[in-house]
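Below: a set of structures, written as structure tokens.
After this come two complexes, each holding chain A, first together with chain B and then together with chain C.
For the complex of A and B:
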């Protein structure tokens, strides 16, 4: 018989969540619930030959596996988030058994309740800002006083200056964007900028922001994003997301 | 591509991707750097794996491979 563990996707407060029967999660395992002291954990039973520490170390380097597992985890979180305020749990959090999940719900009960009340009625939006520095700046017609060599150097210096200037302007525009959006959002978080190789774009990423927005202010938020387009930075919007970026229980006092 | 209801229509109009086509890299930003983190004895020693580093390396490698094929 294969050893199994309990894979944890998300925690909600105890509310009837009909329509989740037949929901499948990672490795096509059936999702079930563990209620405990007013909280509900969404879990599935996973084989440890796939989800033990050692196998995971290898699987996490397998893009197909990672992509499939992240997708399945996300799917469960989304389904749950559609029905109740949710605290998503980080990818591949596996317990020895249900009893350990109950221990968690008991030990961190108040923290979960706090987090869940802080995300209730709110959703996360992602806003990324890019700047294209490969595009040539405004044409600089430097007078050629000292021959072609000097002219070249001057042009080159001017080019560097305008590139630097373009970068500075774009960076401050991205800061302004982040401040403006943060003022509408209940909370904001800046993820690390994605490497161009990961974002799949040649432009440099200046902002990889996450914003927790009251549903009633979604329209205002989205309109503001649209209004701030075409000001020297390219903006990409993603979401709405379950509040992944705002349920990090390990971080305290992170406004 | 399925567009459901006014919200879907509004999203499509603004040129946004439907949820099914979430970029893996955006998802991993959230699934590996966000969410509830449980550390300690309860969890099966996943915490000592630097998930972010491993996964990002995989992604970069795969992107390079794709570029090589193109």
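For the complex of A and C:
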């Protein structure tokens, strides 16, 4: 006997034909829709022995399981985003049943409508800026008077100063980058900078920005990013994404 | 406790060899932290010119030897300087990253 729950991916406004034939989501389950009051929830039925609250605590520690599930989740969101403005829901949002999803759509109806109209015709781009502080600083300072101990301290002083200076310059460059991109975007959001373990890069991350951009201004946005490269910070561009950073309605499952 | 055990990849392996290595790494990290703090303090005081040339020389020599000693000890334990660090989560790392 397996109990099941309803896994929620995303919400859109009702469309004539969602056209989801054959779309599969997490744990290879079929994606279906639940219409309610002009909104549609994209869901699938999942076994609670994997997606219940207690099993999830353990599953989330299994990196293979996590990356597979995240991949499937994002795939569904991207497919839906191709068809209509979408409000993605957080990874592993699970409800006891369809009725609870309908309750959500009814209770948060106006919030969803607001959010969906704010992202219509717009997509999210991610821009990260890094600085490499391991690059050697300026060469030795002028040979100083005094013995080797004094020379050592002077060298350390110079190293410290040049690192601080490099950091300050890069940080202000990243600020300018964020300001420029924000002026093109409809909305922007700065996520917390990731540490090297998460970003998979050795350099320090200075900016982890998300920008909601009108489709008609995509080219302008991309060109601006390109123009701002090679100014002391390294820029990484990702996207376009479904508007993950601009649709957070704090929807939580009840599974 | 009859439920099947899932492999939890992020759990800590507590065998004694790894523990010993981790413990020496932790101790060395703390020593290095103190060394760097003292070094920065020395640089600050050197900049404020409240040290005599002689005092600067002695401080510099001491810190230099300490650094050499650290490098030696690290080599003995098979650790690289970049391993001497602790991730404090939202606070970043304990030592500045090279």
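Here is the rule we use: the second predicted complex is superposed on the first by the 242 of 255 C-alpha atoms of A that agree within 3 Å, B and C clash if a C-alpha of one lies under 4 Å from a C-alpha of the other, contacts with A are read in each partner's own complex, and residues count from 1 in each chain.
Just so it is clear, a contact is a pair of C-beta atoms (placed from the backbone, for glycine too) under 8 Å apart; a residue touches a chain by one contact, two chains touch by 3 or more.
Just so it is clear, the model here is predicted, and its values are computed rather than measured.
In the superposed three-chain model, the partner touching more residues of chain A is B, compared with the other of chain B and chain C. After overlaying the two complexes on the shared chain, residue contacts for A:160 are found with chain C alone; chain B is out of touch. With both structures placed on the common chain, the touch criterion links A:133 to chain C but leaves chain B unconnected.
Contact with neither chain B nor chain C is seen for A:113 once the two complexes are overlaid on the shared chain.
Contact with chain B, but none with chain C, is seen for A:91 once the two complexes are overlaid on the shared chain. Contacts of A:61 after superposition on the shared chain: both chain B and chain C are touched.
When the shared chain is aligned, chain C comes close enough to touch A:151, but chain B does not.
With both structures placed on the common chain, the touch criterion links A:20 to neither chain B nor chain C.
In the superposition on chain A, A:195 makes contact with both chain B and chain C.
When both complexes are aligned on chain A by C-alpha atoms, chain A residues 61-63, 192, 195, 197 touch chain B in the first and chain C in the second. On the chain A side of its complex with chain C, the touching residues are 58-59, 61-64, 133-134, 145-153, 156-157, 160, 163, 192, 195-197, 204. On the side of chain C, the complex with chain A involves touching residues 6-11, 39-40, 42-43, 46-47, 53, 56-64, 87, 90, 92-93, 96-98. Within the complex formed with chain A, the chain B residues making contact are 14, 16-17, 19, 22-39, 42-46, 48-49, 51, 54-64. Against chain B, the residues of chain A that register as touching in their complex are 5, 8, 11, 48, 51-53, 56-57, 60-63, 66-67, 70-71, 73-74, 78, 87-96, 100, 103-104, 112, 115, 124, 126, 189, 191-192, 194-195, 197-200, 208, 210, 222, 226, 237-238, 241, 244-250.
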